[in-house]
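Common to both upcoming complexes is chain A, partnered first by chain B, then by chain C.
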Partner chain A sequence: MKTKSRCNPTRHIGTGMLRVDAADKVRGKTQYLNDRTYPGALHATVVRSPTARGILKSLTLDPAYDWKGVTVATAEDIPGENVMVMHDRSMPLMGAVGAELRYRGEPVAVVAAATAEKSMEAADHVRLDIEQRPALLTLAEAIALFKKSPKKLELLKTQNIEKGDIRRGFAEADEVLEAEYWAGHQEQLYLENQGLIVFPRKDGSIYVEGSIQCPYFPVNELNAALDLPPEKIRVKQTPIGGAFGGKEDYPSMLAGYAALPALKAKKPVKITYERHEDMLFTPKRHPVWVRFKTGFKKDGTLTAIECDYILDGGAYLTISDVVMYRGILHCALAYRCENVLIRGKVARTNSMPNGAFRGFGAPQAIWGLESHIDAIAEKVGKRPDAYRLQIHARPGDRTPTGQLLTEDNGSTHCLDLVLQRSDFAEKFKQASRGKLRKGQNKYYGIGLSFFAHGSAFTGDGEAKFKAKGRVELALLEDGRPGVNIRVSSTEMGQGVHTIFTQIAADGLSLTPERIRFPYADTGMAPNSGPTVASRTTMVVGNVVYRAAQDLRNQIEAFASRRYFKGAAARMRHSKLHAKGFRALPFLRVARDMREELGEVNGAFQFILPDTVQWDQSRFKGDSYPGYSWSANVAEVEIDPLTLELTVTRVFDVIDIGRVINPMTATGQVEGGLTQALGYAVMEKMGTGKNGLFDASRLQTYIVPTALDVPNYDVKFVEYPYPFAPPGAKGLGELPMDGLAPAIANAIETAIGVRLRSLPITPEDLFNAVIPPA
Partner chain B sequence: MKSIERTWKLNGTATTLRFPAGRRLLDLLREDLALTGAKEGCGEGECGACTVLIDNDPAVSCLIPAGQLPDGTTLLTIEGVEKKRAGRVLQKAFMETGAVQCGFCIPGMVLAAYALLQRNPKPSTAAIRTALAGNLCRCTGYVKIIAAVKLAAARLRKTSSTPG
Partner chain C sequence: MSPPMNFDLLNIRFPKTLDEAVAFQADERTRGRLLAGGTDLMVQWAAGAPPPQRLISIWGLPELSAIRVSKEMVEIGAGVTHAFLRDCTDIRAHVPALVAAAASVGATQIQARGTLGGNAANASPAGDTAPALLVTDGMVMLASAQRFRTVPLTAFWTGYRQTAAQPDEIIAAFLLPKKGRSVERFRKIGTRKAQAISKIMAASRIRLHGGTIESAAIALGSVAATPIRLGKVEAFLAGKKLSRRLVEEAEALAQASVAPIADIRSSAEYRRWTAGRLVRDALENLQ
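Right, the complex of A and B next:
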C-alpha cells in the first residue's frame, strides 16, 4: 500500500517521517520469533527450584519415566565455569547439587524435547531434594531488619554521594522534615513474551536469535559458562514485541539455559515462555524504600538533603549496582542544595533478581523526592509550583556530584511551560482537600512533578565504551545500490529504525528510500552498545550521523576522481554535483564504486570531550554526558462514595534536545506516561508468603487499557545537545519518571492525605479517607 | 482427541479443515494455516493480541475451541482484512498517525477497530475506547491508535457511497 511521506525531501531530522516498519506490522506480516518455523529444533523447559531458599541435596531423573528423545542439561553439563558474569560473577547459570538455591524459580536443569508439551511433561519427572533454609522474601522484611539491626541486612552493594557538609546543613536549617516512601515491583509487560533459539554450529560456535534487546550482552556474558570466546557467539534480534528493559539483562540467562541442551544434543533448542512463567521468573522493576530527611530555612531554601535509598536486588546482584547508582544520582538532582548525603544500598532477598525496566532506578528516586518536595512546600506555606520555581536547579548550578549544568539544560522552560499550559495556579485553588467544593460532585486534585534524567551510561561509561558503528554501501532487495546502517541498536517498538534512517539520510544527503537498517546482528554490526539508558538516539544516533558523513566524503572523493577530473564533488539530494559537470545520480556512482572498490564503509566511534570527567572511586564529577528535563502535571477526580480514582488530564513538557521525529517522540511519551500511570495507581504484583508474586497473570495484574488513559498534553522544548551534531538528548525513560509523584501529589490535594506507597489502589484511598478502626 | 471437519468462510474463501475438536482456534490458524498475524500474548483472553472476527464480532481466538464454530461461520483475520476497503483504510490510518510501535498488538487492534466501524461508522471517542478496551497495548498509550480509528472513520464516511 502507498502512503505519502510527510518528510521534507531535503531534510529529515526534525520531521515526522513515517515509520519504516509500520506497513508490515499493520498487515500482520512481521515475523516475531514464534511466527517463524525452525524445523528440527527442540523445545526446552526450565526446571526450577520450588523453594525460596535451600540446599540442593540431589537431582535425579524419575527412573519410571521414558526419557527417550529427551535431553536433560544440569550444572554438570556446563562446559566452562558455572557463572553468569553480570556485574559481580556471583550468580550461577544453574543451581548445582550441593549449592544453595536462593530464590523460588532458580533454574536447576533444562529439559529439551521435540515438542514443548513433551519437554514440560519430562520436566515434571526431574526429582529435587532440597534442604530448606529460612528465607527473607520481601523488601518490607529487609527494611524491618535494617531498622532494627542494620548490620544484619545482607547488602549486595552500597554507594554514597556526598556534597558539602550534611551536619552544617541541618545546623543551618530552621526546620527538618523526614518521611519514608515505598514502591513495589513492576512488570514490564512487553506483549511478546521472552523467547530465543540457540543453534550449535559444527565449529563449536553458537548462533542465537530471538527477542533480545542487547545482542552483544549474551556474546560477552556466556564466554565463561560456555567456554567460548566472543567471536564464537553470534546473536541477532528478531522483531521485538516490546521490551522496556525486560529483554536487556534476562535474555543472556535464557540464552545460557537454551545453550546447554543445544550443545549437549547438538541440535537447535528454542525456549519461549508463556505469560505466567514470564511474569513469575523474569526480572522486574526493583521495589524501593527511600527515606528523605531534609533541612530548610523558613523561606524554603534547602540546606540539607539526607537520603537512604534501598533497592530490593533479589537473590543476586546481576545489574542492580548500576540501577542503584542511577537511582541515587537522581535522588537530589533537580534542586539547589549545598549539603547532600545520599546512601544507596542494594539489599539481598530470596526473590527473583530484579533488573532493568525503563527508568532504571530513577523513577523510584523521583517518586520519593517529588512527593517530599510537595510536603516541604506545604510545611513552608508555599504552592508547589511557586516552591519549585524557587528552588529548582538551572544552568550554572552544580549537581550533588559537582557537575556544572550548562546552557543546554531547559529546566526552567519545562517548569514554566507546564504550569502555563495546565493553568496550574488557578486550578490549584479548586482542589477539594477532602471537602467537596461548590459545584463538585467528585474530589478534585492537581499535582506537579519536576525532574531531570541523565542521558546515556552513568559516569564515564560512554567515554570508556566508545560506541562504534558503520554505514555500508550495499545492494538492496531490489538489486540496486543503497546503504545499510550497521549498529547494534535494536528496534523494539521505539522507532530506532525510522529515526536512524532519517539521521543517515541527512548525514549522506540521500533519500531515505535507499537506506535500510537491518535487524541488529553481532555478526554484521560493530558494538554500538546496548539499547538502553535513553542513550541510543543521543549516542548511537551521533555515531550513525558521523559514519554517514564519512561515507559521503568517500563517495564524493570517488566521484571527484572518477567523473569530475578532480573537481570538488558534493553529494546533495541523492546526486553528485561538481562545478562544470552534469550531476550524476547516487545509484550510478554507488554501483561503480562498489565495482571498483568492493566493500565501502563509513565508520565512526563515539568520543566525549576531555572536559567531561568522572571519578568512580569518589563518585564525583560529570555523572552523565547530558540531561533531559521534564515537568508533569496530573489532574485527578475521586468519587466520594466509591473512592474510584480517575486521572483525567496529564501535561508533560520535556526538553530532550533536538526532536528527531516528533511523531515517534510523542508516541514514546504517551506510551511511557501510560506505563507510569499503571505504576502509580494500578500495577501491583505483591509478594506472597510462598515466594511468588501474587499477581502473575494478566487476569490479576491490571495494566491501563484504552479506557484508563487520560488526555495527554505533550510538548517538547528543544535545548540541543552540543557534543552531537543531531543534537538529541535522551527520551525513552523520561515519561516513566515523574507521573507517579504528580498523581500522588494530586491525590493529596484532592483528599487531603498524602499516600507514600505505590501503587495507590482504591483500597489505599479507602483506608486513607476512612481509616481502619 | 476425535477429529472433526468444518467448512468456514475464512478471509472470504470457503475453507474445509480437519482437526481435533478441542484444538484452539489460535493454534489452528497459526500452526495449520500459517496465519501468524494473530499473536499469543497471554493465552487467557486478557490481552487481545489473538483477536479475530467471528461472524463480524471480535473474539479472542486463544479461548475458542475451533470445534465450537459451526459450518458456515465467517472468519476474518488480519491476513484477510486488507481485502476489505475499510481494512485498508484503517491500516493506512494506523501508519499515518504513528499508531504502531512494537506492532505485536496491532493485528488485534486493527480487527477490533474494523468490527467497530462496521457497526458504528461514526464512533465517539468513548465508543472507540470501549471497543478497544479488550486489546492491550504497552507501547503507545492508545492515543495514536484512537486517533487512527477516528481518521479512518472520517475517511470512510467521506467515501461511504463507494462499495467496499
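Right, the complex of A and C next:
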C-alpha cells in the first residue's frame, strides 16, 4: 500500500529544478582550492614511513642540506596529545621516534617550504632509521590466519547480531548452503584530489579551508592534538570536486599535518596531493571476506542465516567500527528469517587504514548476501525473481535487530516493478548457461539483486546527535533581502545546494531566487552533522524545512502586527497576504523586519519520535530511522572468443521516499551505478610486497569510461518518510550497493559458473571456465 | 613524491622543416629528444621520469604529414595522427587493420595528438599500431642529415623500447604494400572500451584462394618485449586448406609459440590463451 505524503502541495519539491551551481560550474567560474592563490602560504609535503611495519629508531635532518626557509614538524611539535580521536584514540597524528610504525606511508614528519617543489626536495633529506618488523599486509593473509587459528588474528573491533536461535534454525532446515565471498579495495577517485590550507591566527586560533566533506570533523579532531578549544578552530569548505566518503575522515588528518608546520612557522600552510600520492595514501573501501551459512526448507523458506563478516581495517581502527556495524546490519536485512547470527570483525593489517566510501560496509554485505540468495534459489529449483518475491522482507516483518518494518517501506513495489520493467522472467529463459543458444553469438545472462539501505546514522546516532540548522533573513549580494540556509552540509557535486534551496523555498513559500546556501562554515553554521550516511536530504533537509517554516511563522507574525492590524497573515508565493488587505511583497516585509528586529532566524533541531528505540549494548532495536529500498537487474554479454564482458543494460527501481528533485536524483543514481560497475568488473588494487598499492595511477587503476557505461533504466517509487515533512529517505549510497551481485548473478546465468571475488575480470572468467593447458 | 613537471624549464626547439630537424639531430651538442604529439612522453614525465635536457619538436613538420597512395604502396608520413588515419577514406581499403588500430588508440583526444611515427618510436610492446604495421611487410623510412634509408618493419623493433633507428635519425614515413586480395583483421583486448592500454592485440593479413591459404602474416602485441610476428603459425598455415581442424591447430600452435608475462593489466595465462583465440578469430573471418 502506498502511503500518503503529509506534505502540503508544494511548488519546488518534486520538480527537476536546474542546479543552482550549474552555471558557475559549466563556465569554469567555480574556484576550487587549487584555483585560488594564497600569497605567502607555505606548501607542505608529508614524510612517510618507507616500511609497512617497524620501530622508528631515529629521525634526523641531513646536515649537508640547506634547511633555510624550510619548516620541519614532527611528533615533538604537537602542542597537545599525539592522537587522532576518531573512535578509539589509537592512531597517532604523527609516528613518533620510539614508536611502532604500522603501515607503509604512515606520516612521521611534515616539511613546509615556499613552494611544493622545495618541500618535496627537502622531504627527501629527512633521514629515518627504522627497525623492521614482520608485516601482515593483506586481508587474504589475515583470513588464512583466521582459518588456521581464529585467535591469532588481531582484531580492532567485534560485534554480533543475534535473533532467535541459530541452532534451532539449522535443526529445522532441510538443507544447508555455505559459501565465501571476497571483495578488494576500491578507490573513491574524486576528480579533485585532497587538499586544504591552515591559517594560524594571531589570537592563537586557526582557520582551515579546503576540500572537506564534514567541516565539523577537523574541529572535533584537532582540539586534542592542538590543545585548542573548539571555538578556536574554524573550518570552511571550498567547492568540492567529489568526495564519496574519501573526504569524510581523511581531511582531519590532513588538517593535522598542515597545522603543525603552520603553528611552528606562524604562516599559512597549504597541503595538496597529486593523484599518485592521493591514491597511495588515503583511505579506500574496506576489503571484505564474508562467509554465509544458511539453512532452509525444501521450498526455500530460510530457517537460519549465519554470517561471518570480516573487514580489513588497515593499521588503525579509525572509523572502521561504524563501517562494520553498517555492514553487519545489512548482512541479513532484506529477507525473512527468524534465526540469525552475524559475527562482524575488523581485522588489523599493516596497510593504509580504510575509511568511508559510499555504501560504508553495506555494498560488501549485499555483495555476499545477494550472491548467496541466488545460489539458494538454484539449490531449491526456483527462479531468482520468484524466490525473492517469496522471501523478501516487507511491512509487518521484523529485521534481524527486531525493528518493525512499517508501511513506508516500498520493498515489494521495487521488486515487482524492476521485474516488470526488465521483463526478467522472459529474458531469464534466454540466458546461455555456458552454451550459446540459437541466434546468440555472445553468452547472454541476466541477474537480479534486491536490498535495503538504512538511511542516516546507525542506531541512535541521529536521536543523540540532534542535527541543528538555521535559516536566516539576510541581505543578499544584490543588497536586497533574502534568506541564507545555515547548515553544515557540504555541496560536493551531489546537489545539496539545489535540494535545500527547493526545500527552503517550499518551507517559506518564497521564490528560490531569494535563497542562498553559502558554503558550509563552522564559524557561521550550527552543527547539522557530517554529509554522510545518505542522511542529508532526509535528516538535514527536514531541519531546513522546519527552520524555514519557523522563519515563515515569524515573518507572518511580524506582518500581522506591523501591517495587518493583527489579522492573520499568510506568506504565499513570496507575498504576505491577509484578509481585507492588499498583499505585500516579501522584499518589503523582510527589509522592515530586519530594520526593526536586527537578526532574524528560523531554527530547528532534529528529533526522532520516542517510539524509535535502539540498544547499542545489545545491538537490538531500531537500527535506522528509516530504510530506502532498491532492486537492480543487470544484463551481460560475454564474448566466447575472448571472455570479454559487457554489461549492456541495468534497471534500477528505488524507493527513496519523496523524490525532491527527479533530475538530480536520476543523475546521482546513474553516477553511483557507474561507480558500482567499476567495483564489479574493473577496479582492482593489489598490494605489492613493499606494502604499496600496485594500481596507484589513472593509467593502472581502471574505472569505467563513457563507452563502458550500459543503458540505464532508473525509476523511483515513493514511500515517503513519515517523520519528516519533506518525506525524503536516503539516496546517495543505494546505487553503490547492489549492482555488483546483480552482475555476478548475470554472469552465472551466462556461463554457468559463480564468481565469488570482486572485481570479476576476463582473467577471472578465464580461470573459472578454461581448464589449465 | 616527485615534484610536478615544470614546463617553463624545458629547453625546446621548433625546427620548421625536416632538414632543420635532422641538422639538430646530427650534432650531439644540439641533439634532443624528439617530441611529436607528446601523448607518450608527457605521461612518462608526469609519472616521474626525468625530462630530457633538450626537446626537438617535430609536430606539424610538412614533410612528415603526407599520405600518398600509389599503385602498389601506401606511404604514410610519420607525423600523421591516429585521428587522420582513422578518418582517411583513401587508405581504408588498402591497410584496414592499421586504420582499425589507429581508431583503437586511447580516446579521441589522444588520437588527435598521437602520431604513427610516435607510436613506432615509443617502441612499447603495447603500441596499438605496431602489429598492423608488421603484417604489411612494409618498410620504415629513416631520415638523417646524410641520407634516407629504409628498414623492414620486421627488423625495426629490436628490443624492449628499442628500435633500429640511430640517434641522429628521425622516422620519416612508412612504406606499406597494399593488401590487394588479402583479408586484414585487427582486434584489441584492452582493459576497458576506451582509454585502454592493450592486454593483447592481433593484426593479420591473410590471402585465401579457393579455400587454400596462400600466405599468412599474423602479428601480436603485448605478448613479448616487442611486437612480434607469429612466424611458426604463418609457416604452418601457408599452402594449407582452411578447415575447422586447421584453425584449431593454428590456435594451439599460437598458444605454444608465445611466452607472455603477467603485469598489472593481465595474466600470462590469459594472454597465452587469447593469443590463440585471436588467431582463430582471424582465420574464422576470412570471407
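General observations
One rule holds in what follows: the second predicted complex is superposed on the first by the 761 of 773 C-alpha atoms of A that agree within 3 Å, B and C clash if a C-alpha of one lies under 4 Å from a C-alpha of the other, contacts with A are read in each partner's own complex, and residues count from 1 in each chain.
Operating definition for what follows: a residue touches a chain if its C-beta (ideal position, glycine included) is under 8 Å from a C-beta of that chain, and two chains touch if they have at least 3 such contacts.
Since we're looking at a predicted model, the values are computed, not measured.
Of the two partner chains placed by the overlay, only chain B lies in contact with A:G28; chain C stays clear of it.
Within the superposed three-chain model, A:E644 lies in touch with chain C and out of touch with chain B [touch as defined at top]. After overlaying the two complexes on the shared chain, residue contacts for A:M663 are found with chain B alone; chain C is out of touch.
Judged by the touch definition given at the top, the superposed model places A:A64 against neither chain B nor chain C.
In the superposed pair of complexes, A:E274 makes contact with chain B and with chain C alike. Of the two partner chains placed by the overlay, chain B and chain C both lie in contact with A:R697. When chain A is checked against chain B and against chain C, the one touching more of its residues turns out to be B.
Of the two partner chains placed around the shared chain by superposition, chain B and chain C are both touched by A:T705.
Taken together, the two complexes place residues 274, 697, 699, 704-707 of chain A in contact with chain B and also with chain C.
Looking at the complex, you find that chain A touches chain B at residues 1, 3, 16, 18-19, 21-32, 34-35, 188-193, 239-244, 274-275, 492-495, 663-664, 666-667, 670-675, 697-699, 703-707, 709, 712.
Interface residues of chain A facing chain C in the complex, by the touch rule stated above, are 45, 116-117, 120-121, 123, 274, 276-277, 641-642, 644, 682, 686, 694-695, 697, 699-700, 702, 704-708, 762-763, 766-767, 770, 772-773. Considering their complex, residues 30, 36-44, 46-47, 49, 77-79, 82, 88, 90-92, 94-96, 98, 100-107, 110, 128-130, 132-146 of chain B touch chain A.
Residues 1-4, 6, 43, 47, 107, 189, 191-197, 255, 264-267, 269-270, 272-274, 277-278, 280-281 of chain C are the ones touching chain A in the complex.
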